[in-house]
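Here you go, one structure.
A, B, C, D and E are the chain letters, set down in written order, and residue numbers restart from 1 in every chain.
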Amino acid sequence: MGHPSSIGADAVTERTPVLSVRGLSVRFLMPGGRRVAAVTDAHFDVAPGECLALIGESGCGKSVLASALLGLLPANAQSAGSARLGGLDLLTADEKTLGRTVRGRLIGLVPQSPAAHLTPVRTIRSQLEETVAALTGVRGRAAVRAAARAAAERVAFPAGHLDRHPHELSGGLAQRAATALALVGDAPLLLADEPTTGLDRDLVDRTVDELRRHVDAETGDGTGRGLLMITHDLAAAERIADRVAVMYAGRIVELTDARRFFGSPGPRHPYSRGLLQALPDRAFTPIPGMPPELGDLPGGCAFAPRCPRATGACAALPPVTDGLACHHPLPASGAEELRSTTPAPENARA
Amino acid sequence: SAPGGGADGGASADSVVLGVPWEPDTLSPLLGYGKDGNSKIFDGLLALDADQELTPALASELPEVGDNGRTYTYTLRDGVEFSDGEPLTSADVVFTYETVLDEKTNNTARSELDAIKEVRAEGDDKVVFTLRYPYAAFAARTVLPIVPEHIAGEQDPNTGSFNTKPIGTGPYVLTGWSKGEKLTFEANPDYWGGAPKVRKLTMAIIKDDDVRATRLRSGDLDGAVLPPNLAATFENDANKVTYEAKSYDYRAVTLPTANEVTGDRAIRRALDAAVDREAMVERILDGAGRPAYGPLPSNDAWFAKGVERAQDLAKAKDILDRAGWKPGKDGIRAKDGLRASFTLFSPAGDKLRQDHALAYASDAKKAGIEVKVESATWEVIEPRMGEDAVLAGGGSTGDPDFGLYTTLHSSLAGNGFNNMARYDNPAVDEALDTGRRTQDREDRKAAYDTVQRELAKDPGYTFLTHIDHIYVLADRWDGLTTQVEPHEHGFASGPWWNLEDWQPKK
Amino acid sequence: MTCDAPAAEAGTGSTPWRSYGTKRRSTRTVRVRVSAALVAVTVLAVLLVPPLAQLDQQAVDLAAELQPPSWAHPFGTDDLGRDLLLRCVYGLRVSLLVGLVAALVATVIGTAVGAAAGALGGWADRCVMRVVDTLSSVPHLLLGIFIVALFRPGVVPVAVSVAATHWLSTARIVRAEVLSLRSRPYIDAAVSGGASRWRVAVRHLLPAVLPQAALAAVLMVPHAMWHESALSFLGLGLPAHMASLGNLVQSARSSLLAGQWWPTLFPGLFIIVPTLAIAGLAGAWRERINPRRRSELML
Amino acid sequence: MPEQPLLELRAVTAGYDRRAPAVRNASLTVAPGEAVGLLGPSGCGKSTLARVAALLHRPDSGTLLLDGAPVRRWRHRAPRAQRTTVGVVFQQPRLSADPRLRLTDLIAEPLRATGRREDVPDRVAELAAAVGLTPDLLGRRPHEVSDGQLQRACLARALVLRPRLLICDEMTAMLDASTTAALVAAVEDYRTATGAGLLAVGHDHTLLKRWCDRTVHWDDVTSGTSGTSLEPSVPSAM
Amino acid sequence: MARLAGRRLLFAAPVLLVVTFGVFAIAAASPFDPVKAYAGTAALGADQETLDRLRANLGVDEPFVTRWWHWLTSALTGDLGHSAVLRQPVTQVIGERLVWSALLCAVAFTVAVLAGTLLGVLAARRPGGPLDRAVTSLSYALEAAPVFWTALLAVWLFALQLDVLPAGGLTDTASEQVTFGQVASHIVLPAGVLAVSQLPWFTLYVRQGVGDALAEDPVRGARARGLSEGTVLLGHALRSGLLPVLTLIGSRVPELITGALLVESVFSWPGIAAATVEAATAVDFPLLAALTVLATAAVLAGNLLADLLYGLFDPRVKFSDM
């Protein structure tokens, strides 16, 4: 299978995005009036046929962002901004709409802790069959059963383990079960939160390819599907992503083409660079310092305290230009021609 | 009313459904069922009529009394058959009495027949009782139902199936007994007194007064025993008639002689004067009763006129003052350091007695006597009956001897539940004995008058009220009357005491 | 339009924040406060009224029987003319004592036994549970009757009889929860952290079953009052001279049929209102110990 | 004589159903101070083996030696000293954290359980810094933090009793590169300071190669016999 | 599972021995006097001689151990003895009445479990919402309402005001046949009242269980999958939240029997439970023993059922653990 990113990228310009997020912020109200700004002012689009990889250090707000899109935030959360999926604003949609038409049907979710998100007292098969029956037109016991088996097969979930309960599964098996469940509804937008944890390399590749196939497959109405994949597995991200969004302390600090990000010229934000450098096959050194407390963010660039290139200008919030929020990005050699071929929606708006 | 209900108003006047609060433990007269008459399944040699007068039943006439009141001879009615078709003979009568008197038979009322020395059949239709002593009241004991020897004789009287499947000579035949739910009877078409008009009788057992009232209202029952306040709710119901049966059923406070306070005659007399019986009748009984001045009700033929006494607080205080009971700081009197205070037990679960007890205590307090009312089960009360006062109830029909002797005679003091107050008054004892021995009605009347007057002078009990028993029935029959009733009522007594004589209204 | 302009303010300023939880927080605090106030009033009434009241709750006034509520008798009078308000307070005192003592004892014993059995497992568990089975197979009321009969009827025997028969179900519930919790991975983590059985039970299992135990305890309060009046109904409960709410309600039944509502209504309210108040507080407490609800309610 | 191994598994067979054990005949040693990486396909039984090594799961057969002494009792029955010799970071942080405990308590719990209360403040502060947990996060409960943050707390918990052997069951599976590097660094710092052994279970070949002194593959551990009834993982598509 | 059942069955025998022995012991220790109970109201007029004679006849002075042994040995041969209170052989008592009690309890229990679950789920859906408030308040109120009281109100309302249901008995009082239709209409009120008395527990526990489950990740996962609200509630939240309720099924049996005892006496239902109090206060050993055995069997069966269900519903619990 060829790398589809260029094709996908071309397609982006023509069709309306599957998902379009504008100014999305999420905060948690904590006792004592404190606020945790888990996501701040996120702007991005996911085009049909596109896979957007969202990466960032642990605790930077990736999962919360995904939850917000599904309306699954806890009661002490507040959100602002908008997230349009088709004609619908996901953030203002009421629970009924979300439950009946959005979740599973328009947006699939692979949760981050798959074992914890499965009902412990029911077997994988029953949960899978139930989901098949609820989301697809398949009717009849035998048909549902077969469809469930096929769904398991898609993610290499061994059929022999279908009758087990979640606590009897290994981490990787639970992960595959969760992915299978998320794929059942053939939703136009898939949110995959660390879909490859606990899988060995072969399975990672297989899962990632399956997701890619899912995105590329033509939908009946010709609108195409999108994938927002949250991952720390940069190898997997490289394999699948068309674009990469880097998140830091609740903000998207860099949003760029995947080929440029992983290849040359590489990431331009010092943070992104640090993240890549931390990979075991590279320097394997952590970014110095600790991520800031989201409950008490500094006024300016949140990364400044850890940034080797920080200057006085960093005390102000960096503007977002070309999908990059940094006062002093790393030089981007040869970035020009790439940008002209793939103007991301953000750029178009700029 | 009740869906599918067969007992709907007016539908069938030849069947009647009655709600009663309790059912007999057994239906075998050998163990005590129907000993006071009015058993629908059986007949005794004699029966009591509406005025408590003895009338012949299985005996063709009242007994001949001979040997100075020591022998009673009964002649049996001709042609009486048990409901299984077997004829009644004198052997059945002898069997019945001998079994009841048998030590091995668990009959609780055996002592009532204590006087019998021998019972003997003379031919097929004569029975002769020989007594140990002349006993004027004996005839009233022979309302005891007669059982067929050919059935009951085959079984252990204590555990045999006759207890639940009785056969008798009575106007009705038992067709079913579902314990705790109901008993059903059918008319005995061959009854010697003529086939009853009311063909079906159902006695539904409903312990709870409120439920009984409700089911009566819903038309599920045709009649029921009710407490006065609930009976009052039927006053405006045109289809229901309320019957108030006068009774021997009294409520009294025992004043044990062994207790230093209640044993004092001044205290007893003061209490007797202090209580407001009228108020109790009016408020607690809702008017359905009469003040009681002794075991016999004031409208009874044996009642000693002139012993009635109204509440007189001044007199009560005066008695106490004179006897040296001086009011203390808290209003309670004391004498020689002894507070005029005692405990009064009222049996748990009996609201009527509890109300009487509380009202009594509140009256006593006005005279400066403290009565601490406690309620408890009989298990708790019994061992303390000799020391503490109890709100007792009782009353027997038939003969004044039955009620008076057991409550007042000193020979029975503290004997089981007889003479609970351990009342001991030689004058009363003597009069009671006289009443037993003489056959002459005038002499007996005089003796019982003495008893009642003596009791008024030394009230070992404070008699409070005689309770009317109240029944509410659908208005579908003619010929309903009430007897003067004993303490126990509902099942046997009530307007249905002569059910066999009821006439359905057309 | 630029995407840098809105920045921080876009989210916080121009578009309003949307909340996820419904706005139950305020009504919830109101509920908790009302519950607390009711419980306080109840406790005060129970503690203070009897010693302060000059009236005798047993005082019979036949002339004043069954009067509807008035200024002289705010709750009306019963069929012996006794003041119902006073009797209700006395009754509440007795009933609450029965209810609380029974609930407390039953819950403590039940939770301890259930948690111990579940946490120990194996033979110990089986033995304990069979003992529980054995005890619980004697009908409650039967045991109650015997216990009450063995001692003189009174608050303590009644409370003991209720507690003695009701800790069993708490024990079963708690044990079942524990059994299911026992195999959770976080228990593994505790074991490997050197925790003893006891520590695991107290620190990890017990807190998890507390909501169930609390519910059992709260339910026990009215249930114990119920039991007390059921025993009274059978003539074996508290002696009738002790006003208990159960006794009051029970003896008011015929008045209700006869058209007098107050002897039923007020004692009934005296049972229900404190129960609801206690339940309200317990509910708030349960939310407090439930980590998720707790953070959602920002406690 | 070679140094006595810290942990030795000899022909261990373990699982959840005697008829189909998840781990069959596995043997493995970890010497003091040694870092061993265990690689294997998903579902092959690595976590099960890790549980056995942590004395949490009684094997059906085989021997486990800790410091050369065979282990005969498991879970609660194992002596506390033995249990706490081994520190474990579980694969799924969400499930292995008591939802009722704040992160501080989560970390301090083993200290309290072993009666070393007085060490709590120092030790927690020290470890929190090492694994990168801010005080703000320490005051929250598991469901209020991200999975990665929770995993950090779990690592701190595993280290708090200063185990001589650390078992990390896919500790970094859900962590980003920087955090992974940071946590690995934390573990390595701890090991250099204490000389503890390490058994790191995972899939990530590169990571384990980089991290550990020695990596073994599951197939070698179970000496050719497949550890589980599971079908071998499907080869990557195309 | 079969092993669990078998083990419990084996265990039932000693339990029965212990329980009957215990009941004999406390009954003997209790102040109740079998003689007075036998004599009934007549005892209040009886003299000492009569009571003494009855005492001797009834053989109640034997030590309870002897009586228990007698009972046990003859029970093993199939003779359950003769009930002094009901004046009937115990086998006959049981034969006539057990069915009706069992029917009453079974209907009531089923209704209570189903309705309780339904109400609990509805209440848990919106914690703090009007429905939740109503259901919880009602539950607490009902929990405090004595059965005999609810029974009376039910009779008053349904039999009197609305006139739709018969007020008591097994059949219409006047009817002689026991027909299905009659029993069906007569069981509604007693079973309904009994069910209502059991309802609060189930409702509140289900509410709590479901409410807690709704806040947890599995439900979040199920929601994210797009399952309908009904499926989420019933298939996921309820499945997890029902677990504590399952254990309740066993431990509610004694409560059920207690309730049945009162309901039967208020509704004149010819069941066996109502005889319990009489048997106890009368120290009617044979009847008491039989009733205890029945109750014990019911409780053991209930507990076994609960444990089996629990093991089935919660795969994390092993049967070998129970």
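Structure notes:
Note that a contact is a pair of C-beta atoms (placed from the backbone, for glycine too) under 8 Å apart; a residue touches a chain by one contact, two chains touch by 3 or more.
Protein identities per chain, from UniProt: A = Nickel import system ATP-binding protein NikD; C = ABC transporter permease; D = ABC transporter ATP-binding protein.
Predicted, not measured: the structure shown is a model, and the values here were computed from it.
Using the contact threshold fixed earlier, the set of chains in contact with both chain A and chain E is C.
Think of each touching pair as a link: the shortest run of links from chain B to chain E has 1 of them. Within the contact network of the assembly, the step distance from chain A to chain B comes to 2. Among the other chains, A has the CA centre that is most remote from the centre of chain E. More C-beta pairs touch across one of A-D and C-D than the other; that pair is A-D. Using the mean of the Cα atoms as each chain's centre, the chain most removed from chain B is A. Separating the CA-averaged centres of chain A and chain C is a span of 48 Å. Work out the mean CA point of chain B and of chain D, and you get 87 Å between them. Centroid to centroid, with C-alpha atoms defining each point, chain D and chain E lie 51 Å apart. Taking each chain's centre as the mean of its C-alpha atoms, chain C lies 22 Å from chain E.
Annotation for chain D: residues touching 2 or more other chains are 92, 94-95, 143-144. The set of chain B residues touching two or more other chains comprises 210, 214, 379-380. Shared interface positions of chain A, i.e. residues touching 2 or more other chains, are given as 74, 113, 116, 167-168. Chains that are in contact with each other form these pairs: A-C, A-D, A-E, B-C, B-E, C-D, C-E. Note for the complex: chain C touches chain B at residues 58-63, 65, 79-81, 149, 152-153, 232-236, 239-241, 251, 253-255, 257-259. Chain A makes touch with chain D in their complex at residues 1, 28, 55-60, 62-64, 74, 112-113, 115-116, 156, 158, 160-161, 168-176, 194, 197-206, 209-210, 232, 234, 274-276, 278-281, 284-287, 290-291, 293, 295-296. Considering their complex, residues 1-4, 6-8, 10-12, 15-22, 183, 292, 295-299 of chain C touch chain A. Residues 184-186, 188-197, 199-200, 203-204, 207-208, 289, 291-292, 294-295 of chain C are the ones that touch chain D when the two sit in their complex.
Contacts from chain A toward chain E in the complex involve residues 70, 72, 99-100, 102-105, 108-109, 111, 113, 116-122, 127, 130-131, 134-135, 165, 167-168, 178, 181-182, 184-185, 187.
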